[in-house]
Every structure is written in C-alpha cells, then in structure tokens.
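To start, I am sharing the structure in question, which I have written as structure tokens.
Chain IDs A, B, C, D, E, F, G and H follow the sequence of writing; residue 1 opens each chain.
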Amino acid sequence: MKRMAIVGNHALSYGALLSRVQVIAAYPITPQTQVVELLSEMCADGTLKAEFVKVESEHSAMAAVMGASASGARAFTATSSQGLALMHEVLHWVTGARLPVVMGNINRAFGPPWSIWTEQTDSLSQRDTGWMQIYAQDNQEVLDSVILAYKVSEQVLLPTMVVLDAFFLSHTSEPVEIPDQEMVDEFLPPYENKYILNPDDPHAFGGLTNPEWYMELRYKIHKAHEEALQLIEKEGREFEKLFGRYYGLVDPYRVDDADTILVAVSTAASTARYAVDLLRERGKKVGLLRIRVFRPFPYERVKEILSGAKKVIVLDRNLSPGAGGIIASEVRGALANVKNHPPVFSYIMGLGGRDITTKNIMELFEEVEKMEEGKDIIWKGVKI
Amino acid sequence: MGKEEKKIIFKSVNDLPPMAMSLGTMWVNKTASWRNLRPIIDYDKCIDCMICWKYCPEPAIYLRDPDERVAIDYDYCKGCLICVEECPVDAIYTEEEGK
Amino acid sequence: MRKLTIPREEYMTPGHLACQGCGGALAMRLALKALGKKTILSIPACCWSVIDGPFPYSAAGVPIFHAPFETAASTSAGVAAAMKILGKEDVNVVAWAGDGGTFDIGIQAISGAAERGDNILYIVYDNEAYMNTGIQRSSATPYKAWTTTTPYKFPKARPKKDIIGILAAHKIPYAATATVAYAEDFVKKVKKAASMRGFRFIQVLSPCPPGWKTPPEITIKLARLAVQTGVFPLYEVENGEKYKINIKPKKLKPVIEYLKLQGRFRHLTQEDVDEIQRMVERNWKVLLAREEFSKQIEKIV
Amino acid sequence: MIEIRFHGRGGQGTVVASKILADALTREGKFIQAFPEFGVERRGAPVAAFARISDTKIWPRHKIYEPDHIVILDPTLIGAVPLLDGLKPGGWILVNTTKKPSQLGFPKEFKVATVDATHIALKYRLGSAASPIVNTAMVGAFARVIPVVKLETLLDAIEEGVPIKPKENRAAAEEAYNSVIMEG
Amino acid sequence: MKRMAIVGNHALSYGALLSRVQVIAAYPITPQTQVVELLSEMCADGTLKAEFVKVESEHSAMAAVMGASASGARAFTATSSQGLALMHEVLHWVTGARLPVVMGNINRAFGPPWSIWTEQTDSLSQRDTGWMQIYAQDNQEVLDSVILAYKVSEQVLLPTMVVLDAFFLSHTSEPVEIPDQEMVDEFLPPYENKYILNPDDPHAFGGLTNPEWYMELRYKIHKAHEEALQLIEKEGREFEKLFGRYYGLVDPYRVDDADTILVAVSTAASTARYAVDLLRERGKKVGLLRIRVFRPFPYERVKEILSGAKKVIVLDRNLSPGAGGIIASEVRGALANVKNHPPVFSYIMGLGGRDITTKNIMELFEEVEKMEEGKDIIWKGVKI
Amino acid sequence: MRKLTIPREEYMTPGHLACQGCGGALAMRLALKALGKKTILSIPACCWSVIDGPFPYSAAGVPIFHAPFETAASTSAGVAAAMKILGKEDVNVVAWAGDGGTFDIGIQAISGAAERGDNILYIVYDNEAYMNTGIQRSSATPYKAWTTTTPYKFPKARPKKDIIGILAAHKIPYAATATVAYAEDFVKKVKKAASMRGFRFIQVLSPCPPGWKTPPEITIKLARLAVQTGVFPLYEVENGEKYKINIKPKKLKPVIEYLKLQGRFRHLTQEDVDEIQRMVERNWKVLLAREEFSKQIEKIV
Amino acid sequence: MIEIRFHGRGGQGTVVASKILADALTREGKFIQAFPEFGVERRGAPVAAFARISDTKIWPRHKIYEPDHIVILDPTLIGAVPLLDGLKPGGWILVNTTKKPSQLGFPKEFKVATVDATHIALKYRLGSAASPIVNTAMVGAFARVIPVVKLETLLDAIEEGVPIKPKENRAAAEEAYNSVIMEG
Amino acid sequence: MGKEEKKIIFKSVNDLPPMAMSLGTMWVNKTASWRNLRPIIDYDKCIDCMICWKYCPEPAIYLRDPDERVAIDYDYCKGCLICVEECPVDAIYTEEEGK
C-alpha cells in the first residue's frame, strides 16, 4: 500500500491497472483524457499487460470492450458526456448481452452550448440502460469502486459505470491509498465467464427472440440488479476486511435523529457533509443521505432512512427537461408508497459547472426550514 | 456438425440462460413446408459433379451413405430450384408438392 | 468424374431462415467451409440476424455475437484484442455483415479498424440493399436500380460505392471481391485472407431473390452473369496497391443479359441500359489499367 | 484548513506547482486538494490553480473564493488580472519578481514575500530563456513562507515528480526557499 | 377531408405531408420502414415538395434534420428502437439548440436479443433528452399529432417525438380521416424562426458557455417545457375547432367517481378503455388515465386526477432495469408530495411484444382489488 | 512592389482563442477570404469550437452551427438540403472540422454525404492529432509521431490515413490538399471548390505549436517544409481520377529538416528518420505515377 | 364486433387481402383493424393476418385469439399449421380449394365455404402460374360468405387499391363472389 | 467586418436568447496580455510585400489608413512572431513586453 496524491482520472486508471484489465478501448474527451493517456503510458511501458484499442469513436469504444468482454477478457473504458451519449445504443446492448464491462464516466454537462464543466445529466440520463451506476465522492472511492465494480459485475453479469465529477474529482490531486496488487488479486479473482464466444463450444448470443421469451430475459436482468443490491453491500464488507474502507449502497451521515435529511451524490454530497457538520454545530438536526449506488436504485435503504425524517431535500445537479431533477424523481418515487412519508423539496442547482458551495448547501436547509409543503422543483441560483 | 434436432423446451424463466444464448441448432426447423416444387435427382443422368451440392444454400443436399452420391434432404429443401437450374446435365427434375 | 472443389465439411445447418435461393446463406456456407471451426463471427443487424434462427437456436455452427448495426468491425476489434491477450490468436475473428452494415452505417468502425490494422477478417455479403428491412437503398445499390426508397419513378441516381477502392486507400493487406457463383474462388480468397494478419476485407456479391425481384433458382446464374458482364469483376488488392483480376472474360457479355432478369431493373429504358453498358465498360477498362499500373508502382522502391 | 490560490500563465506549470505541493503534503500524511481553475488553458493566457490543505480529511469540494494566501508565478499578471480577489486580510502574497516586497505596493492588510524565481529557473536551465519554468522554484519559496510542509519532503517530491531535470528542479526549489524575502 | 384505411406508419407520413415538411432525413428500420418508403414515393412523384436526405445512419439522420431546422426548414424524421438509441447524442443536441424538429418513433424493444416487437423502453429511455413526447393510441391520433407537434414545437422551440406502438399501430390498417390541406395550412402556418443560420445576420450557435450562463440556458429549456404544457392544451382546442378532435396532455376516462384508476399509454390504454367499460358493466368503479404527453410530464393534471382515487395502477410496457416501470416512477414521483395520495401498484407487462389483452388488463384491476399496500414493482405474465 | 495575392476582406476577427501561431486559425482566416460572406459553417467539436470564442461572442463573422463531433458532414447535409428547398443555393455550405472529426469519428457521415453527392464543401484543418483535448493520436497523426496516447516509448505505429485517397475512391468532384504556407494556392482551391457542386473536400495542413511541440513562429515554415520535403504534397483530384500535383519541388528536401524542428519527433532514431525518408520518397513517386496514370485513364471512354 | 383470421404463405398477398377489406369497410363508414401476424415474413413460409370489424370505434388492440371466422388462402396449409385454433363454434371457414366444403372434413361445429381462387387467379393472370396471387379472389368470396361489406364497395376498393391489373383483380373478386360454395 | 467591441451584458436569464447564440464578436477580447514579445515594424526596411499580413493568424496585422501600409494592432497581437519569422527583409524586430 502506498499513499499518493493523484487526480481522480488517475485513480480511475489505477483502479483499472489493479483490476488487471485485459482490454481497454477508449476515445479521448475532456475531462477524461488523462485516463486514456495514463493507460496508454502504462500499456506502452508494460506496467499494464493489456491490449489498448485506440478506437475512432465512443460507439466503437463501447463495442470493442463489449466484444472483448464477450470473448472472456476483462474490459475497461472511460468517457464523458457527449462520448457517453454516443455510446448509448451500445450501452443498452452490453446490458442485454449481460457483459460485466466496467467504465469510468466523468460527469460533464451536455452541449449545446459546449460545456466542459461538471453536471450529472450525462450519466443520470443513462439511467434506463441497465448499467449499474456508482457515484464516487473522492478519489479513493474512485479507485476502490473500479475494483468493487468488477467484483460485483462479474458475479451478476451486469455492466457498471463508475462516475465522478469533472474537475472537482477528475482534475483534483489528493491523497489516495493505492492498494497492493496482491491484496487486490486476493479480492478480485481473474475474470471467468462460461457464457463466452468459444469455438470449442459454439453458441450464438443475442439472436432474434420472439415475444415468447424476451420478457423473461428482461426479468432476469432486473433480478440481477436486485441481486446486486445484496452483493454490493456484501462485497463492500469483504473489501473493508482487506482494505479497511467500506462502501455500501448509500452513505448516511448523522441521519439517525435528523429532522431534515438532504439527499445528494458525488462531490456535492462531500460538501454537504461539511455543511451538515456546520449546521449541527449550530444545533440544527440535519443529516445527509449520499446515494452512492444509483442503479440498482436502493429503494429499501432510501425508504428506511428517509421515512423517519420530517423533511427531505434532494439536490440535483442535473435536469430532465419537462420533468425536473432525476434523483428527486427517483426519491419521490421511492417514498410514494411509504405511509406518511415526509415531503420532498427538490432542488436543481449547479448545472453546467456552476459551483455548489458549503454556503449554498446550508441555504437549502435554511430555506426548507421555512417551507411546509413539499415542492417538486425549486431552481437554486438561476439569475432571475 | 452432425445433425442435431434437439428441441429446446423451457418451462420457466429459471430454465433460461442469462442471455439469449443458442442451445440448439436450426436442424429443429424443418423448412420442407416452404417448398412448392420438389427437386428430384435422376441418378441415371447424374454425373456426380457435385455442382448441385456446391450451390445449395440450405444446404439440403448432402453426400449420402454409403455411396457418397448427392442426395436431397426433403425435410429441409425449400425448393429454390438452384440445383435444377445449375445441374449441367439436367439430372434434376421437379414435381409439384402435395400432388 | 467426382472432384471436391470446395471443403466437404459443413458448419452451417439447414433449417435456417433465409429465403429460398438466398445468396447470403450460400455465402456463409461457403465461407465457413473455408474458415473452419476456429472462428468467431460478429454479425450486426442484417438478414443474417434472422437467417441464423431465433433464440435458442443457431444455424452457423460457430460462435456468433449479434452486434448493433454499426459495430461489426469494432465489436470484432474487441474480440481480436481479447484473442490476442488471451493467447488464442489461432482463432479467425470474422466480422460478417451486409452491404448496409458495411458501406453505410458500419463504415466508420471499418475505417478505424483498418487504420489500426486490427486483426480481423471482414466479410460483407453484398446483396445491394437493406434487405432485412424490406429492400431500401444502400450505397451498394447499383445505379438506376429500384428499391422501396428509390422508387421506379426515381430510381437510384448514384453509382454503387466503390468499397474496395475505399479499403484499398486504407492500404490494408488484403481486399478482394468474390461471388457465390465462383465458389472455389471465394473459398480460396477466404482461406488466403484467413492466413494473413491485420485487417482483411472480402466483398461477396450475394444475389437476393426478393430484393432483386428474381426467381430463386437463378441466384447462381445472376452471380455468374454479374462477373461475365463486367458488372462485378472479381479481383484482389494487396496492400492497397497490387491489383489482380481473377477472372478476365475474353469478351464481356452485354449488361442487358444481367439486367433483364431482374425486376429491380424492369423500368430501365434503352438509354439507361446503354448508359450502364458504357459505365461498366469504362470501369472494366480502368480496372485493367489499374492492374497494369500496379505492376508499375510495384517497381517503385 | 488553509486555502491557497496560484496565478500564472498557460505553459508556466502553474497547475504542476499545486500538484507538487499535493504530493509533498501527501508524503507527510496530510490532506490536500489541489486543482486547477477549470477551463480552457491556452499558452500565454492567465490561469489559476488552487490548494486546500488540512491535517484531517477535507470535505468541502468547490472553488476557493477567499484564499488564505496567494502565489503569483508571473509578475506581469499584476494589474492584468484581479489577483487579490477575496484574499483574506493577513494572508501572504508570494510573488516571483526581482523587486522587494515593499516595492510592489500591495495593500497593507496583506503580508508580502518575493523571490526571483525567473532568475533561479534560468540559472538551472529550467524551460527556455524565452519561457523559463518557475514552478518548482515557486513551491520552494512557498514552503518557506507558508510552512505547511517540510522542505526535505518537498524537495523529494519535486525530484521524483518532475518529468525532466530532477536535480536542477530540486536545487532551484532549495535556492528559492533560501532566497525568499518576506515582509509582514 | 377523406376517410381512408391506412396503417400507422402511413398516418405518420401523411402527417408530415400535410405539415408540408421541407427536409426529411431518415434511415430505415423495422417497423418504421413504411414511413421512409411512402415519403420517398411522395417526394419522387412530387406530392411532397421536400428534400429527402437518404442518410447512412440514424445519427446522421438526426444531424441532418437538425442542420435543416437550424437553417429555417421544417424538418422531419422517423425511427425506432436501435435507431433512436443511435441518435441519442444528437437528441440532446437538438434540444439544447432549441430546434423544433418533429420525429416519429415506432416503439420496438431494444436488443439484445434482437426483437422487432413493441415495447416502450426505447422512447421512454430518452426521457431525459428534453424532447417532448406524445404517445398516440390510434392512427388518427398519429396523423393529427404530427401536425399538432409542429404547431407547439415551433412556438416553444423544442423538438417533439410522436410515438406509436410497433405493429399494433404501425402495421395496422384502420380508418383515418385525412384533413384537407387548406385547413391544415390554416392551423399550421409556415415555419418561421428568427434564430437561424443566416449569412445576412450571422450568429454562432452553441459556442462554449461558461458556468456563468449555462444553467440559465437550461432553465429556459425547462421553462419552455412548462410553457408547452399550456400550449398543448390550447392548441388542442384550436385543433378541435377546425377538425372536431381534441387532444390534451392526458385523456381521462370514467375517472370522476372511480375508486381505482389505471394509468397507461399507447395501445395498451386503448385496450384498457375497453376493459374499463366491461368492468363498469359489472359495477366496478374503475377508470383510466391515459397519459398522452409524457414530456413535458403533466404533473398537475396527473395529481388532480389521481389524488381522488383510492388506488392507482400503472401499467408499464417498459423497464428501467434496477428501478422498475418508467411511467410508474414518474407517477409515484408526481404523487409523493400530494397529501394522502392513493397507493400505487406498478405493473410491468407486455415486454418485447408480449400481448396485452383485454383480459390481462381486467386481471390487474382484480388483483389490485385484493391488495392494500402499494407496490413498486409487480411483474405480470413472467413465466415463473 | 505591393501585390494583393489573397482577398483583402477579413471576416474573422482577432480576439479569438487560438494559441499563438495557430495554423488552424490562419486556415480559417484564409478560407473565409475565399468563401466570402455567403457562407454557413458547421463546426463539430475541435479546437475551433473554442477558438471561435465563448457565448455570447463569435470570431468567424459568418453563421456557425456548433455540431456534435461526429456530425460535421451530416449537419451540413441538412443545411444544404434546407438551402436547396428554400431557394438559397448561392450560400456556401461548409463543414469545417479537425482531422479527428474527419479522419476518425466523422468519416461515416462524410462517406455518406460524399456518396449521396450532397452539396457541401468540407474543409478539414489537419493538425495531425486531437488538439482540443490535449494532443491524442488521430488517424491523421504521422508515423512515429509522439502524442499523449502514442507516448515516446511507443510512438504511433501506423502511417497517416490517406484521406484524399479515401475521398477519391468516393469519386467526388473535387478533393485537394493545401496548407497555410501556400496561402494563394489554398485560397484558389477553396474558390475553385466553392464554384463547383456536389461534395467537395479540402485538407489543409495546419501546424499546431503546442501539439507539434514547436515554437509558434515557425508555423509557416513548417507548413512550407512539409511540402518541400514531400511529407505533405499539394495536389488535387477531380472525380476521383484526375490527379494534378500543384507544387513539384525540383528535388525534395530531406525530411529531417522538417522533423528536427518538432518536439513530437524528438525521439526519432536515425533509422526512424531513414525509414520515414524512404516512405516519403516512395509516396511521392507513387503520386507522380498516379498523376501520369490519370492522364492515361482520362483517355478511356 | 367480428374477428377474422387469414392464413396464407409469404408472397401470396395475405396481408394485402386484409388491407383491401379494411379499405372497403372504411369506405362504408365502418370500423376495422386489419393487421398481419407480426414477425419475419419469408416467401413460402406460413403467415397469418387478422381483422376486427365493427360498426363503432374499436378499442381493444391486441391479437385475435378466438376468431369468429377463418379464411385460408392456401389449401396446402391444411395439416401443416393449426388453422382452427381458437375458432368459435359456428364460425365460417373459407378455403381456397377445388374441393367441396364437405370434402374437407372440418369439424361439424364450423360452417365451411370453398372457392377455387387459384383457378380464378390463373384465369385473370394474377401472379405467375407457379405462384398465382389469390388474395383479391379470396376477399371477393369472403364478401359473400361474411357479408360485412357491399360487393360494389369491395370491388371499388380492389380496383383502386391493387398495384397492378385493377380490372382483372376486380373481375376475379366478382367471379369468386359468385362461385363460392357455402355449406353450413 | 468592421471592428465591433461591444461587450454584451446580461443582467438576468430574461436577457438571454433561447439558445447560446452569439450576439457580439471577439473584438471584445483583447489578447494583448498573451504576448511576451512585441513585434515592431521598421517601416524603413519594410518593402510592403504584405507577407506578414498574409500570415498573421489573428489577424492582428491590418492595412492602416491612409497609406495602407501594414500595421500591428497591439490590442490583439499575441506575439506569435510569425510575422518576424516570415518577413523577407527582416523588417520586424521584437522587444520584450513590459520593459
């Protein structure tokens, strides 16, 4: 184990390195390029024994890792925003093909207008592709999540996206513990999959399926997600045993006696944690629920934690136009069937890289303190 | 690949593989019903050139045991009549199906 | 009398879902004879997505990954990378796609894989339109042909895209045309390509009875006429430079012999036919010249 | 928690400066976030970078609006960009310049330190004469002015972290450490 | 006006014809091909004066209509499933560029495995792209919706997707009234847009936008959606005046005194209407809420109609793996902040073209009658 | 003494965000002089997405549609279709893209538009890598060059993609190379292309100081050397067949003169240089031969 | 509401038959849904099509499992596919055959009608000798057996709806109308 | 295009166009601050060949009034020194900025 100051992009690369990925196919895009560059270096100097397919686009990147994974190789890619969107068709495909591909996505706002700054709409708008999604709040978690992602993905045969904020993680250097390779090897065995392309046992994958059985195959995908809900927590505990860090589906903070709980993801959640501490110092009974795993959506955990609160605030750094915040809609959806659940205050903020400061978050709690009725959408910070 | 007509029966979702993976071959699917005209080899005329075998897209022409002459598998022949057209010595004639 | 001109082994099974007289089905049958068992196919959306049969069956006898339409080459690139890292480089990694998936929606992935020199054999069975969706124009559709999107009143106004020329410009080790009528030639080319490394490409003209509006029995005849009239010459290009024409008819048959058999050309006027005749002749002469030219540049060091 | 802002120009290694600092602090088991001003960097155009330093894990993750200290890698930026925006009273302004702190005319509420990093960089042939790379010298000086990290650790971090001329960079940092003039 | 038996695909084409679209760019895909074919015919024989760009892929189709729309031409395309997914990046782009493109989408299940049958995951999983989405239940509505879509889109500068079920509409011949061209012209004026590519008044569109103003531009997109909520109903009434048919955001049926209301879209809603009648005959107090416009999501109308019920059933012919039915999640999200809202029973059924019969729907009501607590996901018809 | 060799009018404004000495900025300045005001640009992701300036400003002086990376040609196809139906066919519909957006992610849309004969002038400013994202390899990156994804230890192993050859294989009316050092030649080519119809293509080599690791002042010198060494010959191809070399140096300068100025080639060994020299010479001879050959096939009717 | 199922082979115009019917009914202000069995159609392979007919708007939209009547365009399908699946007792089975209804041996609970549509199609040179197109003749016969639409309307719909040989198709339909043999 | 330095000030979201449409030109952005070295034309040496004008990528060289000689706009010149390098008669020399 070694403690190093690295940027989030490099944490992603180290995660791939330590997971001993075998095939990488990726295409550069700001703010992900450092991932591609470091992995290129690692492959060039032999640090990483992997084939790097320097594809001509993101849909080819995703197709190449798909082909590799289907052939029995552990496969990795990384992208952001436009690139992720260009993969969209293939994202759905990888899920249907039940391939445990792992990908890093650096959250960046969609164009137009061109923006290179953070916003979660890119990954969240892939919410229906069937990919598991993990949102990291620091670079340590980025690295660890890649390893954990393979561990879970390869058991449930579902792909995982490890998501991090542009710049606030991707380009921020901070201390990260780099686990020893042997310990990672102990945690993560080599990729084994019996459903692969193998001339000695030839099967066709994905052929035309009549209405007779299609639905059952989709059902299996959903059940695999449900299985993953358990596995993520189980593997999180295994990981903790070896590395001393636990990652679960959600990351509740000071929620036990909280009247108001804020729900957030990614670096905004990290900032919110600081804000919660400051408010607690002032005697406010506030708490934070960081959603770490967005797909499978941890309904039960969310219900459990939030239903005791008097008010729920959701911070969305994303927008589904014509609807509202994506996380809020899922959280409201989760609470709807809970009897006497608290009202939800859905805030949209920080789009296109607009900063979310500790102060901003404290303001949310203050504003909500004065409101009684839940609100489906509140815009925070728009210059009116 | 040997002939393998095994029909796959799933009773429930639990019988399915995780993805749509083939578990049997199309030998299960007898395409005889597609045929309007039945090609028939006149072995007296046939010079064993194997051109019909070469061009059958199914393939529904095989080399029969034990004499290795070309023969038509009527379970699968769709009646495209390529063999009839291509036979250099007109050794294949046709008959209407179901007559 | 008996002469086995192509490998005896069958990998493809009957019972598949191709139409009567499908050139594309025959192409696969022949290709697999050449490739053998150690082969992995990536097949994007095309008639072959259906021909192979519905879940849980398959007709190909070798592993297939059914892939999104635009990804034949890129999926194969991933398969090839995996084979390399897993030490299974004896496996033929084959992308098998229709003309639409190749000339149109798949060309970027092809261009990328070709440029990178990925270790793939790409075979396009060219039936000159989007057949699986019911006969729409592709950029492989010939000049003046009818399709549902180039209706009789306004048939295709552009010539067929020169895919071999495009691939040759990528300087790939091997690019070739073939057709099902010349089965031995096709099998030989697939074997030759399979024995090489890097990105290799074969275009196999595969007549399609419903799409060409022809009776199924003349599939082979049409494929043969395409060559004999010069409409579809058989040739190879090595390293983008070395052209070799495989079949050189003493005299090209008139194109009308080919065209008149096909419903998709039934609207052609005499002028149209004459124009096509001129185009075909010119292309043929250019190809002959190119073959000569390649001898010339071979000498350049 | 200490918050610092660096100012420089595209191509001068401003971001690298903050990264070296991050590396050094990490070696000492401290916590740091070092990040550039997020945007399109063009050679010659003004850029900034940030660092947040603490002995414990740092939770807030947003830009720094009210830095405790400021480091200016290029003196020609003075006047060209609002360098002192948000700087907390009592904070240090460390400037790469030939001038003395008092000659710079910064408001009295700030402490000022200067170092001739350009000269030092040129001396050790870091970068070209037209565009010397002053970043390592500047972190050296920084370590003196704002002693959040041991000099030795910093020098090691530099030596192992720079892509070329490790020794020269180390020496430049050390020389800057020793030659910085502090007032305030 | 002429009454003709046409398939849904042709209804879409006629809608485009009557809207006098000027540029079409489309790529064939089952079950949409008839749209492309008929429009090709119409362009070839001069019935429709439009440029038809026969693109080589769907992302080019969407890019071409985008370019055309940005240049001041009324633009149209149509696609389905994989094609829609391949457009994904450009879909987001068209929204950000604020272009009133109209597209038909024939709902088809995503591969793998290959399927050509109906399912709504394709369009619903585009829910975060900012496109307005209209789900038609018959071919008349398909045709009329194209015209209405242009009317609204061009006022709010947002694109619209007119969605119809594969086969159950696309390939089903049924009587459709073809409005007279003059009346359509009266309703739908020529496309005018002052924000276009014009060398005489040159502007750049979509340039890099700093965090300073990006969020405000997104806010405007959302506000345009909110404006559309009003406009859709207003233009629906205008349309009714001329053509005698009204289309709103939602289509409630026998909900006023209903204890149990079923929420559905598309042809399943049509079948459900029949089921409701049959159940009413048996004295059951049941009703139907057909959601016609899914984006902008008609929160207010949905809340208004559903909050009075005792139970709400949502029928989803789609799946967001790891979450559940997409419409259900939106409906639950809409209800969460309504005090004492009814429990929601979220059914997944009919995936991959599995049929949804009148009997199936009646069973939903019967099953729910026996349940008290709302359920976030119930699989209906999976062969267990 | 004074001679105005290129149009005087400026359309592009200063204040734009290109680096010092950006060849791509100059290329645009020159192209707009040739194109004039009646021009619509579609620009996909590339340095020019940034160079043009942030909202709400622009430096180009003509309308720009900023387009997704892969859609320069297809967006332009839509613009061209609109111009046609709206009766504004006097407008130059121009796709302006980098080499990455052209050789790689945009090539499918290009191939499609070229095949359809869409009325577009496509200009690629070729700086031989993905510069906007910080210098990653594209398929236009030259053999053995360093980029961040082809690191010094493992520089690019494949030669630069022959984009003109690929476009020529599409038989488009006009394809040409140009570079900013030969400003008059470039302007002439843009004007010539603008006067034609159908899909036209110009590749303008545009040195990039940070990407090539060169001082900004030698941008023109490099562009000139690229031509004089034969690394980047200036030529035109009409209808995919008629080759014309515009600048024929009596004797090619050694490539080392070009390479040694650039940091991206600083790792080259003498063998590498020799190999590149041989490749360049061979390509040059092939090009000369091709020019001859095209006279030959011109005679074929 | 009347529900009908058509059986034929790919390429025989089975779907067109149901569409012509839709057109005719539409002309009379009636309501109809006509749709093919959704799937991959291959020439020669068995196919089916459906129609739902009513005087008022038709709401249910799903396949037809229990048709009121059945129309068989190709007699060779008898035995090859489960043609009578779900057919309601008392329903008509209309078959293209040279045989008499009684010769077909269908269960007694159904009414049977026959017409030699192949012969009629050949007579009017519809399709080729190898594959005659019998669809218009079959709808003609249908109009007699299940009188949901006026013959004249149907004939008009045929004449305007078929891509080629409008007169011949019309005549074929009329002849079939007149020559159908009904038992039951 | 005339020089147009209008700075666009939005006060609120309501001032914005619906999409990111340019409303002014980059003349607003004086890039002088990017410059390290300042190119200076020595008009005595200058032969008015306009090569510097031709190659300036900004363009920061214009034809001044009234004599139409080349002149450098120091508000925009980034100091790339292409003009210095390309001038055939070395009529452009440099000075360090801020000295």
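We adopt the following convention: a contact is a pair of C-beta atoms (placed from the backbone, for glycine too) under 8 Å apart; a residue touches a chain by one contact, two chains touch by 3 or more.
Note that this is a predicted model, so its numbers are computed, not measured.
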Farthest chain (mean CA position) relative to chain F: G
Chain pair, C-G or C-E, that carries the greater number of C-beta contacts: C-E
Could you please state the distance in Å, as a whole number, between where the Cα atoms of chain D are centred and where those of chain F are centred? 41
Cα centroid separation between chain A and chain H, in whole Å? 46
Cα centre of chain B to Cα centre of chain H, whole Å, reads 78
Multi-chain contact sites of chain D, meaning residues that touch two or more partners: 39-40, 42-44
Residue numbers of chain E (touch at least two other chains): 54, 56-57, 59, 82, 86, 89, 93, 96-97, 111-114, 116-117, 203-210, 213, 216-217, 219, 224, 353, 355, 382-383
Got the chain C residues that touch at least 2 other chains? 17-20, 49-50, 52-53, 55-58, 61, 64, 66, 68, 70, 103-105, 107-108, 111-112, 115-116, 139, 209, 216
Per the touch rule above, enumerate the chain pairs that touch, sorted by label. A-B, A-C, A-D, A-E, A-F, A-H, B-C, B-E, B-G, C-E, C-F, C-G, D-F, D-H, E-F, E-G, E-H, F-H
For the complex, which residues does chain B have touching chain C? 1, 3-4, 8, 10, 17, 20-31, 34, 47-50, 54-60, 62-63, 68, 73, 75-76, 78-82, 84-86
Counting only contacts in the complex, chain A reaches chain B at residues 96-98, 157, 195, 203-207, 209, 213, 216-217, 219-220, 224
Which part of chain G faces chain E closely enough to touch in the complex? 18-19, 22-23, 25-27, 29-36, 38-40, 58-63, 65
Considering only the defined contacts, which chain C positions touch chain F in the complex? 70, 103-105, 107-108, 111-112, 115-117, 139, 158-159, 161-162, 165-166, 168-171, 240-241, 278, 282, 285-286, 289, 293, 296-297, 300-301
Chain F residues touching chain E - in the complex, by the definition given at the top: 37-40, 42, 49-50, 52-58, 60-68, 70-71, 73-86, 91, 108-109, 111-112, 115-116, 118
